[in-house]
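Listed after this line are the structures, all set down as structure tokens.
Both of the next two complexes hold subunit A, though its partner changes from subunit B to subunit C.
What follows is the complex of A and B.
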């Protein structure tokens, strides 16, 4: 057994174990970590296949960017709000099993027939070395023959980004059912707060309008981030209205406790 | 590049990793000393001459500290997270060329561990894995300050990684390669200044000044150093992602931060200042000298600038650095095409 085969075996076994970990872990963060391990090991296998560029891009894009964002979301969302991972309905389970078996069958067919379809292309190892290496050949291909498809992919990604922005607009959050509302506050966005604010007595409402923004439930909803630091919200309220009944104890001149 | 047996590569790698650890230890000493001088203090002076044994004393002290794990922490993740940071930080140094090959006992030895065709991208990739140490450490601590620090770190590193990656595209265009050995070799020629007979070294800092400045700013943010050390802003977040860490687990984060500073300084010196290329006697000493200039710059920044506000930090990355990067790439590409007479 050559060293390469040994390394491949180690990488493959770890990748498979981590892959099962993705599905079996109870905690979604643990699932995400397992996925990271799988991706890194797959990148190692790509390196063994002399596809260094693919390996590095796999780590930068999937491990470094996409999964970090996934973790981000998982950590921010309350665990109770996440869908149940291991309690599918019976019909779901049947379909999942069926699709899984079909996928496995496809893979098996692909592996078994690979000698039939696998004809080597013009880019043998010698030709790639002559042309200056893997990265150079890949670059030549992607930015000469395949410029249009790559531009199209870029546009598709842009559309996806804009769609995500449109879906996550703060205005839409207020239309969700009451039970789903959480206290998301965006200091930079005037409409960043969930839900409709409670109606205020007319005098108070007028007094709580300031050039910087608007006062709601003790929080300053500012027009933009720059103006926020000019006046602290409680200072503004205190200056215009004086102490309010039911206010929590506030210390305007200094901080509480030791520093 | 010469072929050499695998075991020699391992030995070179071993030496590089150990030099990084020693460098890291004395980086902490240098930082304390330099900042002390800048603030008109004396700095460490009790342990050994000039306090030179201070890093060793610090290490022993950290080993002797109690190892705390919070009750509600995600224990496995809590234990693994600092190791991720610590393991990935020095990995990036393995592609940096420290000099020409040397000959010992008739065996030619490359002064780098490996010459990947995608060396620079590899360094970026390793850096992007390293951020998991911070994110998972903050998450596993079950502490809100830690989680906030981790979230900040994630957002900051993703944003600045884009600027960091795009700022060196100009270098790739000029060198025509992603391999650091090729990039250094491209800089070892000399450049005739407008045909005037005055020659300067073809270091990419002269042909890519904008890219160099962007790289420098993004590198400071990428290593979470002042003035971009928002993830561990002690005034608002106590200590950010490592609030709950103590003893040697804490020191893993500490080691990782300093090692990534050294590695990114080595990378900056290699990409923009010609690496081990010098006026006389090319060799590792030039690379180390150039890297120490960057390390001094890091310390200088920390002693000089106050911390940025978080929205300013994000604004700089997306509204200033990113457009400048794109302009730089466009200009460099046009110049390259013009010099190839393809325009």
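What follows is the complex of A and C.
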């Protein structure tokens, strides 16, 4: 039993145990941490397979980016939204276990009875070293024969980013802001807004004809702002209807206390 | 199996794939199902790299890199869907989300 096999066995056993932990962990955060352990062990196995660049990419992309994203989503999702662990459905679990055992048997039979067909390629360990190393050879491969897939991947990533933006956008941002309600607030209007005004009581109307301005089509045309707006809307109401029962006594500030 | 052979890696790959598949089948939390899918993708990458190592080829590693890129895009979209699901129907339980409409 060579040292390579020993290293592989250690890495593989830890990876499988951690992978089981992903499925069996009660807390999703524990699942994510188990997934990190699995991915790091798989990176070690890639190193064992002389795929050093892939090992680094595995660490950076999976444990660095995707797992952090998963943890963010776990934190962002409301904890009340999480389903209870293994609530019901024992039949489903039994079927899944049966299916898994059957599939594992099939895979093992297929792997152990297979024969290697085809000619081995030119990239033995010595040739890779002669060409400069794993990264150099992979770069030659990807940017000579696989240029079109590289560009397709670029488009896929761009579309994925746009889709994530569209999906994760808050709900109220998707609604268009309504057109702002525009209206005129005329200084000369008794209630401060446009519309049909109540008729002014005769005394008030006469008092307001001069010298501040004149009524024209229900709008008071005033000479300047201060001359009219010192009379508030509630005061006009008071003057029209008189004091109401249950009304608190309002402090009417007429024009210079001539009330 | 005293020497390291591709069979080792294929067996590891199938074990990881089946673990991921059972996670998809058993669990009801969408986030855990998503992580199980990531596990299955990694199992496939292990098989690719193992075959490439056996055949002294670089094409397997190139394909593995493409798989990682596509998996990254998939994870972005998947996590976005989970976020939208949590916000819109207030659950990440697949048993409760059985329809495509609200």
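Things worth noting here:
Keep this in mind: the second predicted complex is superposed on the first by the 136 of 259 C-alpha atoms of A that agree within 3 Å, B and C clash if a C-alpha of one lies under 4 Å from a C-alpha of the other, contacts with A are read in each partner's own complex, and residues count from 1 in each chain.
The working rule: a residue touches a chain if its C-beta (ideal position, glycine included) is under 8 Å from a C-beta of that chain, and two chains touch if they have at least 3 such contacts.
Bear in mind that the values here come from a model prediction, so they are computed numbers and not experimental data.
Of the two partner chains, subunit B is the only one that A:133 touches; subunit C does not reach it. Contact with subunit C, but none with subunit B, is seen for A:15 once the two complexes are overlaid on the shared chain.
Applying the stated contact rule after C-alpha superposition, one finds that A:76 touches each of subunit B and subunit C.
In the overlay built on the shared chain, the residue A:56 is in contact with subunit B alone; subunit C does not reach it. Note on subunit A: of its two partners subunit C and subunit B, the one contacting more of its residues is C. By the touch criterion defined above, A:37 lies against neither subunit B nor subunit C after alignment on the C-alpha atoms of chain A. Judged by the touch definition given at the top, the superposed model places A:65 against both subunit B and subunit C.
Of the two partner chains placed around the shared chain by superposition, subunit C is the only one that A:141 touches, whereas subunit B remains out of contact. Comparing the two interfaces of subunit A, the one with subunit B and the one with subunit C have residues 53, 57, 65, 69, 76, 134 in common. If you check the complex, the residues on subunit A that touch subunit B are 27, 29-30, 33, 36, 40, 43, 52-53, 56-57, 59-60, 63-65, 68-69, 71-72, 75-76, 133-135, 188, 225, 229.
Interface of subunit A with subunit C (complex): residues 1-2, 4-5, 8, 12, 15-16, 19-20, 22-23, 25, 28, 31-32, 35, 38-39, 42, 45-46, 48-51, 53-54, 57-58, 61-62, 65-66, 69-70, 73-74, 76-78, 80-83, 86-87, 89, 92-93, 95-97, 99-100, 103-104, 107-108, 111-112, 114, 116, 118, 120-124, 134, 137-138, 141-142, 146, 149, 153, 156-157, 159-161, 163-168, 170-171. Put simply, subunit C touches subunit A in their complex at residues 1-4, 6-12, 14-23, 25-29, 31-32, 34-36, 38-39, 42, 45-46, 49-50, 52-59, 61-62, 64-66, 68-77, 79-84, 86-88, 90-93, 95-96.
For subunit B in complex with subunit A, the touching residues are 74, 77, 116-118, 121-122, 124-129, 131-132, 135-136, 139, 147, 150-151, 154-155, 157-158, 161, 165, 178, 309, 311.
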